[in-house]
Amino acid sequence: MTKTQGPTNQLATPRGSGIATFMGLPHSRSLDGVDAAVAGMPSDTGGMPGSRFGPRAMRDASASLRPANAHHGVSPFRHLHAIDYGDLAVVPGSVRRTLDALEAELSPLYEAGVVPIGLGGDHSLTLAELRAASRVHGPVAMIQFDAHTDTYDTFYGTQRYNAGTMFRRAAEEGVVDTAHSIMVGLRGTVYTPEDYQDARDLGFEVRTMDDCVGLGIPQVIADIRARVGDRRVHLTFDVDCIDPAFVPGTGSLEIGGFTTREALGIVRGLGGLDYVSFDVMEVNPPLDTSRISATCGATLAFEFLCLLALARRGGADQ
Amino acid sequence: MTKTQGPTNQLATPRGSGIATFMGLPHSRSLDGVDAAVAGMPSDTGGMPGSRFGPRAMRDASASLRPANAHHGVSPFRHLHAIDYGDLAVVPGSVRRTLDALEAELSPLYEAGVVPIGLGGDHSLTLAELRAASRVHGPVAMIQFDAHTDTYDTFYGTQRYNAGTMFRRAAEEGVVDTAHSIMVGLRGTVYTPEDYQDARDLGFEVRTMDDCVGLGIPQVIADIRARVGDRRVHLTFDVDCIDPAFVPGTGSLEIGGFTTREALGIVRGLGGLDYVSFDVMEVNPPLDTSRISATCGATLAFEFLCLLALARRGGADQ
Amino acid sequence: MTKTQGPTNQLATPRGSGIATFMGLPHSRSLDGVDAAVAGMPSDTGGMPGSRFGPRAMRDASASLRPANAHHGVSPFRHLHAIDYGDLAVVPGSVRRTLDALEAELSPLYEAGVVPIGLGGDHSLTLAELRAASRVHGPVAMIQFDAHTDTYDTFYGTQRYNAGTMFRRAAEEGVVDTAHSIMVGLRGTVYTPEDYQDARDLGFEVRTMDDCVGLGIPQVIADIRARVGDRRVHLTFDVDCIDPAFVPGTGSLEIGGFTTREALGIVRGLGGLDYVSFDVMEVNPPLDTSRISATCGATLAFEFLCLLALARRGGADQ
Amino acid sequence: MTKTQGPTNQLATPRGSGIATFMGLPHSRSLDGVDAAVAGMPSDTGGMPGSRFGPRAMRDASASLRPANAHHGVSPFRHLHAIDYGDLAVVPGSVRRTLDALEAELSPLYEAGVVPIGLGGDHSLTLAELRAASRVHGPVAMIQFDAHTDTYDTFYGTQRYNAGTMFRRAAEEGVVDTAHSIMVGLRGTVYTPEDYQDARDLGFEVRTMDDCVGLGIPQVIADIRARVGDRRVHLTFDVDCIDPAFVPGTGSLEIGGFTTREALGIVRGLGGLDYVSFDVMEVNPPLDTSRISATCGATLAFEFLCLLALARRGGADQ
Amino acid sequence: MTKTQGPTNQLATPRGSGIATFMGLPHSRSLDGVDAAVAGMPSDTGGMPGSRFGPRAMRDASASLRPANAHHGVSPFRHLHAIDYGDLAVVPGSVRRTLDALEAELSPLYEAGVVPIGLGGDHSLTLAELRAASRVHGPVAMIQFDAHTDTYDTFYGTQRYNAGTMFRRAAEEGVVDTAHSIMVGLRGTVYTPEDYQDARDLGFEVRTMDDCVGLGIPQVIADIRARVGDRRVHLTFDVDCIDPAFVPGTGSLEIGGFTTREALGIVRGLGGLDYVSFDVMEVNPPLDTSRISATCGATLAFEFLCLLALARRGGADQ
Amino acid sequence: MTKTQGPTNQLATPRGSGIATFMGLPHSRSLDGVDAAVAGMPSDTGGMPGSRFGPRAMRDASASLRPANAHHGVSPFRHLHAIDYGDLAVVPGSVRRTLDALEAELSPLYEAGVVPIGLGGDHSLTLAELRAASRVHGPVAMIQFDAHTDTYDTFYGTQRYNAGTMFRRAAEEGVVDTAHSIMVGLRGTVYTPEDYQDARDLGFEVRTMDDCVGLGIPQVIADIRARVGDRRVHLTFDVDCIDPAFVPGTGSLEIGGFTTREALGIVRGLGGLDYVSFDVMEVNPPLDTSRISATCGATLAFEFLCLLALARRGGADQ
């Protein structure tokens, strides 16, 4: 099947011309016949300030993306009807209301079988995706690329919903199937030496950065695939799992992370899974002085679309 | 008359949410019932590199603009049906083809009585606006805010169409009515002491920065109004007429320019003229490290919409 | 009276050496004998993201301030015992809890007769200062330097406490004496042409930027002084009242504002009032690429200390 | 043979002192006795805007380069008479005229046996080098470090000469010997999955980034050397073959590229070939906020001089 | 008399092409027939770090300057033989040795009647100019544009030669004729309220920023002219006398300074004096994120050349 | 043993709140019971300008460090009493006086058995640490991470003490035990091909970047440990040993360096040595546009504290 609506053709229209939708995809709120919908989540109330501008920056950076993937040999928009759904409603100043609003707007997508590609925004917002996904699919598996577990209990005495706690909440709420979920790339300073064990105690599998270096990329891929199996899965990508040299524009810098080549290598090895949604979180434009972080985030979103396209057509383009 | 389609309501939707059209106006290519159309002209082949990204940057910056003007006491979108027309076709690497493409796309707007608000792009592109306007209206008057006359003959031996020559071309082509046109804000170093006289010899009136300081803002306004009279007029605003402190993000920095308060003061004094179009040129995002230049450019575009709205409703809102 | 504890002596210790307290003042939580206490309020949950880093940036920038004021002929630290009180408790992600925490920490200062110099942080936090001040002094007069009224009612349907609403809340709560309060520098786009009238309806006096240009600095000073009279007064300074050329590092850029020279001119004319506290709000370091905004904010805080010193000693140094 | 004219001695003259020629080499237009001439090509009309400032930025960054290469054990200026030839003529706004002007200025260098080290400028300019080189030497082999093939046919309907098409033009014109040419480092999004095959169809050998990772640096070196053999060869280095983390200052960012260590590793393995010229292209200073890209470009130009020096003296310094 | 050697003709050669000498003037060490010599002084050991890169940055920024001055109606290079003398020798890490080296290199210029236009570098270096000038001319008058007096005695216990003390040293050494010297633009925080009186006690006239605002530009000009009279005079311009909005790239930011329009206004009023030399000091490129400060500095140097040219030909060009 | 005074608890106090001491450690000048003292050395007179601001920037960046190390399984502040000692006295403009002042202030720490963690500042300052250490311990071994040997003899004819010469001075003065010292990471351009041999001739062991790539991280660790043995050792870390992609904010950029992951890998392998002090040098904030360099420097300082903690408690936390 070949879809007819696609991104901007840079051979005809100069890069950066036109209204800044993701890759120039049509901006639409209609879900009819849609396979995938890029959706911004412009809130940072739950995390470090600045990521609310991430969706705009990734859309802008996506102007330099061409429509095919040479690694996979696939032109995703020949196989997918993808749209830019615009931004979802958020409530600056309230994480709880923002989560509720996002869940309400995301649910129709999951119900319609449309795969959301969320552009964050701070990482707490992934909880809304998990809640909405689980309403349709039950608890979903999760592949979490991240420098941090984000499974703390409370911050500042009273804050139970923020970018450091949402995966503990997700486990408590039963919206994530921790038995088929895995965290990849954990590193950096921690609150106590037991932090990673706390995540394991919630049921998550853990692969630290040290683990990944020791195991090598192919084994990391194999471990992720084995963990997820045939479950419906949400892939969440906190860009801080990549090293600050490659992604300086994010709120929590941890030296010693993945290169983008390694990150791409893992992501490209994750074809064939049963994805219900993806997200790219924590791109922080005011801190992204060289705009390479937004480019990285946009490219990852495109790679996720390619993973979907591969599944839909069953292999590389003929 | 009150128009129903307006910009994003920031009281309901957070600033910066949603697809980045100008002020969140609807993106449309339909001219039916439209009064004003914001249109990007993303080319810099004729000038200093970087201004091709101006339209995107001004759209992004326009997210912080609220829908009413306290100075004039007007809510322009109650009186105008305004749209974001998107970007017009350009041909990177060729000024002549770009001018032709722009003229072809602009002509239907002038024919339909829609007022284009052009977002540049380098200043050479104004020639396309003048050509398209003159096809409908005959030679038009021009109010030119600029640090430079842009009436040189050729650059580099062969280049007759660029951001330093287009107003000589416009005069030669008869698309501008120089007898009712005026340049405001000239300053900075020149090629010869006779440069300003060259512009006068083409028929333009000239108010240098020195003149403006000597005359005062009210007299400058009066001089512009007297010069234009009741002619159909294009207002072109090269942001380099404003001082680099206020607009660092432009390709030709000339110290000693207008403050934004002075520039606003003059622009706000130019209501009631018979505008056929406006433009804001030479915002150069890669050089706009503090993004204040894009904000200035977007605000000017909004002020131009207000000038139009004032004319349409005949006074301040009741 | 001459105080013995003062700021870093840059003639002896190079600028920028040492732990970054405000001007190198001693960091202390003791209020014993203290006249003025610089106190950071590092929260931006109620406003544009980034101003939470304002206190650190202003402290860092204060390293270039020398200890005397040539305009007033005063060495404030000969007359005032001033300390850096550190930062007050805030709760990221919750404006209400942050306001409560700040009020609880500020109240002892007002009770002890110590004048807080608040370093923001987003402007919503001023509500906590007004609440704490009014507990001791009853409703206080307010001098508000600002581009915006910040008297809207709600944002996003549900948000009643943020940087656009707090002065409506303050009026409703009776913590500000609007009959002796005045807003200075209002400008920029508004939601409706009636926005300024809404502030007047709450009892505030209003001087727009247009007013200030028309009246001139001396008359603006006279108007402020007449409005405040002998009431106890809080001076709040949102740095966006100054033009973006001078303060690019703030969240809401409005072109056409005060120069720093004008702002200093007004502030220096406000000696002899009965100040209970001051604040400098909305310095936003991630947006302050040239760090001039933090320098401006720190200088204003120093000028406020000088206003206090003048009052304490009754004139210039002998 | 030991040359007497060399670069600035940083042990005597502080880094950054003096007129900014490349490494402080003498600026001269005389080719008498000259082995290598660094020559700027300050045009970006054919590509992304900003690279026209590349030559100045690389000259400025070269101030930190010392005159010897520890890896090779060579002091190139003991063996080469190198000069800074200044910038070659370009025609902003016209790719064709720029190519003609560059070819006219480069031809005397090739005729005199001087090896040009071109500093770009956008990558389309390499076509002028190939044309000039082929006039003297016939079709030359080419080693192309690049993320992109640059073998498209036309852009925007009419543009046949730009930074995405010039190597198709070079093949068509017969100025490059594709049978002994090779592209190294291809990656990133493409227009169709067949893009790389299109380059192969023109006769070029291709090593994608994926290939390079799979083969390892030593094999990549061997493959390049085998492909070029004893042909006269032009080495063109588009800095976008290096990852954006290492070269953020370029117009087409593609994540997942070479590290500088890998790039240096390959370049250093390419001694002993029969170079007729080199270039370093697409350094884009307005985007190079941390100036590391210009430093990388300057260092590569120095490494090219070292490759030449090794050939001239037949081994490491004694 | 019309000089034949001039700056780059931007109508023929694109802005920014070629080796970066000041305005493209010929780089020469010959003083034969030379009227004025631009000379870099790349040292910052005596002041805030970074200004050592000022000469390179001002040369680079000077590429945008055209060869004539419309205000004065003069083409300076028709009347002056001006060269770029390159940078003078400095000794990083030692102010004293740097002053000695500079004096040694400057003396031949003064002896030959060549007017140096010094590009700094930190302000302490002006002492070397005064020393060299006085060797030829005896104590010279000085016009000092500055936010600070720079007449302190010692810093850090032992440092008697730095950017805060050099004018006390100059007075002590008798190389400046304080009775005909004047400081313009003093403002900002001071060490004690008596700092300005200390400068007066050394014999300097003082015009603070407050004075200048009160007197108005024409009177300030008159005061300077009256003070200097017919004495041989050195004009030193510390760019921090201009407001940080206009010159963010300098080491000592003081809000409330001159606009560039005011500064140009004063400088342009200072024709006809008997200048022996000029300098532009304290442009600090690492802090000049929007490069407007280097542009300002380069423009001032050009204005100084124009003042010289006016004197040489006795009026505007015919 | 568990220490009671520790860093800021980010679970309770938001990141970036409070006076910016290193990790929020108590600022104290008392050495009583102290194990380790972070001490700033804010001077850059001996090196490239800007590193004097390194201590403040690293303290600010340290706000994002959490108190435990997952790699080592250690919470260092349970085992160490660490303080922020503030900044040590320096004398801008004089390297010699600065070295004397630093030595005088450091000696009491070494005498008291407190381990200084120096935050530079330019690399010449390490000489003061070696002098002070040797007064207590005799000549100490040194582990030097660096791109450069810093063993040149003189610069600019007269300068014997700067950031390129101090380790020759240290060897000559007998304060470093070169027979147990090793340089790691040397690379980049050199003055002559013999530069590294010059360091070996002084007795230092050398591992170039080429060596490290060839040997692999484990062997590099083994070589360092073997070289140092059981000697008392100072570890000095010039951040330029890390690649500019990871540390753009330093004065001497050399492409092709360590990744932070490699650097961390080596540092973490150096537990159990008899450290007398550490330093992190050459972080240059004005050049650190993305602030990742200061984050890297602060993280390294934390890792050094962890190495100390491991030694003190004899293994991972229980």
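The letters A, B, C, D, E and F name the chains in turn, as written, and every chain counts its residues from 1.
Just so it is clear, a residue touches a chain if its C-beta (ideal position, glycine included) is under 8 Å from a C-beta of that chain, and two chains touch if they have at least 3 such contacts.
This structure is a prediction, so every number in the text was calculated from the model and none was measured.
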Between D-F and D-E, the pair joined by more C-beta contacts: D-F
Maximum centroid distance from subunit A, chain identifier (CA atoms): E
Copies subunit B and subunit E - rotation angle from C-alpha fit, nearest 5 degrees: 120
Length of the line joining the C-alpha centres of subunit C and subunit D, rounded to whole Å: 55
Distance between the centres, which are taken as Cα means, of subunit F and subunit E, whole angstrom: 40
Where subunit A and subunit D are represented by their mean Cα positions, the distance between them in whole Å: 38
Junction residues of subunit E, two or more chains touched: 13-14, 52, 92, 155-157, 243, 245-246, 259, 287, 289-290
Chain-chain contacts as defined at top: A-B, A-C, A-D, A-F, B-C, B-D, B-E, C-E, C-F, D-E, D-F, E-F
Touching residues on subunit E, where the partner in the complex is subunit B: 10-15, 64-71, 73-75, 243, 245-246, 259-261, 264, 289-292, 295-296, 299, 302, 316-317
Complex contact set, residues of subunit F against subunit C: 13-14, 16-21, 27, 40, 42-43, 52-53, 56, 59-60, 84, 86-87, 89-90, 92
Subunit E-facing residues of subunit F, complex: 44-46, 49-50, 52, 91-95, 97, 155-159, 161-162, 286-287, 289
Touch list for subunit D against partner subunit A, complex: 48, 152, 154-157, 186-193, 195-196, 208-210, 213, 243-246, 248-249, 252-253, 255-257, 259, 287-290
